[in-house]
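I've put the structures underneath this note.
Note that chain A is present in both complexes that follow, paired respectively with chain B and with chain C.
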Partner chain A sequence: MSGIWYYVFTLIFFLFDYFILAMGLNIQYGETGILNFAYIGFVAIGAYVTGALSLPNSAGTAQHYILGLGLPFPVNLLLGGLAACVFAVVVALMTLRRLRTDYLAMVLISLSLVLYDVCNNFVPLFNGADGLYNVPEPFAGALHLTTNSFIPFFAAVTGAIALIMWLVMSRITRSPIGRTFRAIRDDDVVAAALGKDVFRQQLKSMLIGSFYAGIGGGLIIQFSGSFNPTAWLPGETFVVFAVIIVGGVGNNIGLLVGSLLVETLLVHLPAFLPAIPGHPGLIEYFDAVVIGVLLMVMLWFRPQGAVPERVRRASSFGVRERLLGDSGAVSDDIAPSPQLAIESAAGPGDGGGQ
Partner chain B sequence: MSELGVLDSMDTLEQNAALRCEAIVKAFQGVHAVNGAAFEVPKGQITALIGPNGAGKTTVVNILSGSMTCDSGREFIGATEVTNWPSHRIARLGLMRTFQLSRELGGLTVLENLLVAPGHQAGEFLFNVLFRPSLVRRQEREHVERALDVLDTYGLYRLRDNRASELSGGQKKLLEISRAVMASPEILLLDEPMAGVNPALIERIGGYILDLKRDGVTVLMIEHNLNVVEQICDHVIVLAEGRTLATGRLSELRENAEVVRAYLGEVIDASTKH
Partner chain C sequence: MQLFWLSVGFGLVTASVLAISAVGLSLQFGITNYINFAYGDFMALGAFFSYVLNNEVLHLNIWFALVIGSFGMGVLAVLFNRLILSPFARRFNKTFYVLIVTFGLSLILLNLEYSIWGADVRFFKMPIDRVLHIGPLLLTKDQLIVMAIAIMLMLGVHAMLKTTRLGKSMRAMSDNTTLAMTSGIDTKRITTITWFLSGTLAGISGTVLGITEGNLTPASGELFLFVIFAAVIVGGVGSIYGAMAGAVLIGLATEISAAFINPAYKLDTAFVILILTLLIRPSGLFARPGRA
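For the complex of A and B:
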């Protein structure tokens, strides 16, 4: 396989992987309004646990880590996702009951820093700053895959997983549970007054999102075979935020577009460009500036994102619609006169019936 | 026997009062917004909560609906004590409220605003969403049918697919009421449902509230417009400085010197100046 294909499939992998990560953050932030600034921490837990579970017992190796059960793919991946969920329960119990919006965000970003320092410095946990490496490549032995053929293979596996997770997420966001999440996002006091247990619903949203984070992280370590603290600096959370803000908060297809624009084209493509002579690392720094500027431009000119949240129309529920709705349209400034009522009855947008 | 007699009177009390509060106290940094308010809201009737500005009317509604906790006092819905329950648990007992300044769920459509309201939705459980989609879909269709009926009744059908944030002030008032109605409440607390709407709409909202009474809903409404109170309310509670000053019919209260001095006088003065 020539070098160019190696790059292309790596980009495709990150496109799908960040699509998964974006869906997870979107259900938390875009749908439920939880400003989870610790998101990359959940990704890291998923990655570490997935990797450590597939590695053999650490006793005979140069690495230090817990678990080490030598579990096969995708069992280790699922458990990695669940590990992120366990962390989500701990975080939710600590923060969600008491804190809202900005304060919640501040505590979460602090938590993310604490987790980072623990993983970076406490070597027996996940090998400290060196991180995990030599993680077995899934199916590589069984399918006789070489390093070159593994990359397109695993990009395809990730694509299939992303497709399944997109179908599941679409069903969640379109059903009453997603609507209740959005109600909490728009006004949690109203949601509570309508009988919704806000904490319980937020916890559900955190769990769903964290599972997606864990799976996305697990796929990264399986793809690259290694994972260490430089891969999840706390600022990485904002790359995922950039994906969902650029793509469109609350729209799953928008997240794929955001993943393509931000993660694939801006974060990973430039890493493959040749360095500018005499200025090593300039491209990477310039990259961060471009993402920041893009974020500002989007928030200023198109806050709804490239593909905005869609309106769920009454006709999509598959119920019969009335031939003609209310005859008395509501007007604030003028009392409804007979003339107005006739106009509104015949007006555009009223033809819901057949 | 006297004991039985006591029980009897308690029974009738519980039967007649849908909502009852005793000696409610709430202070904000030492200022007593509510200072011993105590009253009963008779079942199946429309009760007005009136009083001068700062009397603590909205605070009382916030406490009764669980949006706020009280420092002391007790609250009962029927025979159940619900003092300082969180609002979602109070709502599940059938008490719904609207807000003084409309709080629509702006990102949702008008129809979706109503669809949030029904309790016990199968589709709010992840298991059902993933593994019992036909149950979720069937229940959802029933809710949509009913929501469209409610929207039709309240004159919002035409706006069903609009985002709630796009509605006008009067439309938002109607949305608040219809959303609460969608939850099939037994008790409805309305915080100034007529504030800032045009006279034609006031009449319509008054009609809707009377319809709700006909359907057996108990209504407690904060209202400043005494004409409205006179026309639709069966019972009036006057609140002043956080206390219950008097209760009764409006015509009786007009004879009560204390009430006239604290509140009605103010209103009558204001209306004669015009």
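For the complex of A and C:
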């Protein structure tokens, strides 16, 4: 198989994988309004646990890691997703109930850095800065796949998993729980007044999103066979945010479009460009600048994203319409003019004050 | 015991750097009410301005380079606010948007720094220093200058907030912007001055961080950011005096812990203290009413 196909299937893999990651962050941020700036940490936990579970016991190898059970493919991936969920419960119990938006974002980005620091320095956990490598390729033995035929095969597997996860996510966002999430996003005080346990619902949303993060991370380590701390610097969270904001917050199809535009075209396509002589890494740096600028331009000119969230006709009671109407009216009262909008953003009533 | 006093000395130096940066972050937060996630990159950028003046163009003495480089960062912070952050904050009612924008600004600045100066570790050009014995502490002359700068800046900020008209306006704005505006305070002017001060303090703290750590990379500000967050939250978000107290506490705790645990994890001590604070006293040591 020629190099171009290898490259195309790599791009297809990342398209589907980031679609999964974007769905996970979207249920947290886009549907529930939790600004999870530690998202890439959950992805990393999924990846490490998936990899460490499929590797044999570390005793005879040059690597140091925990677990090492040699589990077969779908089992380790599921457990990787569950590990991310367990971590989400711990994080949510410590932070969600106590903090409002921006404080939560501060604590979570700190958490992301600390997690990175620990995984990078504490070798017995997941092999420190070297990360895990030589992770077995799923089904490669049973189906007699070579390195070349594994790439398209696993891109197809990832596509199938993404399809299943998309169907599940569509069910979730259309169900009552999805409506509850969006009510919390639009106004958590109103949602609480209607009898919703805001913390409980946010915890559910964190769990679902973290499971998607863990699966997405697990697929990355299975695809590339290795995973180390340089793959999940805290800035990577921003790439996933860029995917959902460019594509369209609160719309699953939009996430696929965002994944195509940001992850495939902007992140991975330029990685295959020839390096500028004498300036190693300049393309990647410039690439990141372009993503940052694109995000700001997109937020300014098209904040609803490439594929906007559909206006959902919720139940026959029209609860959501009333909710939206109310919160819209409230913000209009606070901010009748652009000059005063900054005041309402700075006012004591902002953010619900948890 | 020798090791303990040595780490206390380091702790005071770290606390000085932290105090400058935490006050810069808190001043801006108090006025605009959103966190600037690009603050770490402001620090690194200010440090690189000093580096250029110190090493590449005028070959200034490091302390002069620090002053000019930091003012440069202050001017740049005003421009960032005018051109990017304040339009977004005015247009969107939810804090989400402007937080994402500062996060994006952080990504842009970090990668611009990488493309201009590369990933190599840089050093300031400074005369070789000798160690002085002060009581039980061992400190270099540069470390003492850094501590003196921090103390002077803290006294300066205190005097400005309590005695000048500007400081009074800033405190009024941070209590209630609308009320301040209706009382005739020029909120736009105060916001601009605050961003200038915040950027300048970021530049100073970034440069002194480079001096005390002995090296400088584009990522050094960003890695330090969560220690600043810890200091700010432990002190009580938005409270300037809380930020100072949090800085001393976190600075001493990280360095003294390094004497007992693996120094690779010393900054993580800050995070442990942060989590403990959240569990025990979520509003911080010096909580302001109506927030948290």
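Operating definition for what follows: the second predicted complex is superposed on the first by the 313 of 354 C-alpha atoms of A that agree within 3 Å, B and C clash if a C-alpha of one lies under 4 Å from a C-alpha of the other, contacts with A are read in each partner's own complex, and residues count from 1 in each chain.
In this text, contacts are C-beta pairs under 8 Å (C-beta built on N, C-alpha and C of every residue); 3 or more make two chains touch, one makes a residue touch a chain.
Given the structure is predicted, the values throughout are model-derived calculations rather than measurements.
Trainee: Just to be sure I read the superposition right, which of the two partners does A:R179 touch: chain B = first, chain C = second, or both, or neither?
Mentor: Only chain B is touched by A:R179; chain C is not.
Trainee: If you stack the two complexes on chain A, which partner ends up touching A:Y285: first (chain B), second (chain C), both, or neither?
Mentor: Once the two structures are laid over each other on A, A:Y285 reaches chain C alone.
Trainee: Under the stated touch criterion, which partner chain does A:T147 make contact with: chain B (first), chain C (second), both, or neither?
Mentor: So A:T147 meets neither chain B nor chain C here.
Trainee: One more residue to check, A:A192. First (chain B), second (chain C), both or neither?
Mentor: The first partner, chain B, only.
Trainee: Kindly classify A:M106 by the partners it touches after superposition: chain B alone (first), chain C alone (second), both, or neither?
Mentor: Touch status of A:M106: second partner only.
Trainee: For chain A, which residues belong to both interfaces, chain B and chain C?
Mentor: The overlap between the chain B and chain C interfaces on chain A comprises residues 331, 334-335, 344, 350.
Trainee: Quick check on the complex: what are the chain A residues that touch chain C?
Mentor: The contact residues of chain A facing chain C are 33, 35, 37, 94-95, 98-103, 105-107, 109-111, 113-114, 117-118, 121, 234-235, 238, 241-242, 245, 279, 281-282, 284-286, 288-289, 291-293, 295-296, 299-300, 303, 331, 334-335, 338-348, 350-351, 353.
Trainee: In their complex, what parts of chain B are in touch with chain A?
Mentor: Residue positions touching the partner: 65-67, 86-88, 91-92, 96-97, 99, 103-109, 111-112, 115-117, 119, 121-126, 129-130, 133, 136, 140-141, 144-145, 148, 151-152, 154-158, 160-161, 163, 168-171, 174, 179, 183, 197-201, 204.
Trainee: In their shared complex, at which residues does chain C touch chain A?
Mentor: Those in contact with chain A are residues 31-35, 37, 84, 86-101, 103-108, 110-112, 114-115, 118-119, 176-178, 181, 222-223, 225-226, 229-230, 232-233, 237, 262, 264-265, 267-268, 271, 274-275, 278-279, 282, 290-292.
Trainee: Which residues of chain A touch chain B in their complex?
Mentor: On the chain A side, the touching residues are 168, 171-172, 175-177, 179-180, 182-183, 185-187, 189-198, 201, 204, 208, 250, 309, 311-314, 317-319, 321-322, 325-326, 328-336, 344, 349-350, 352.
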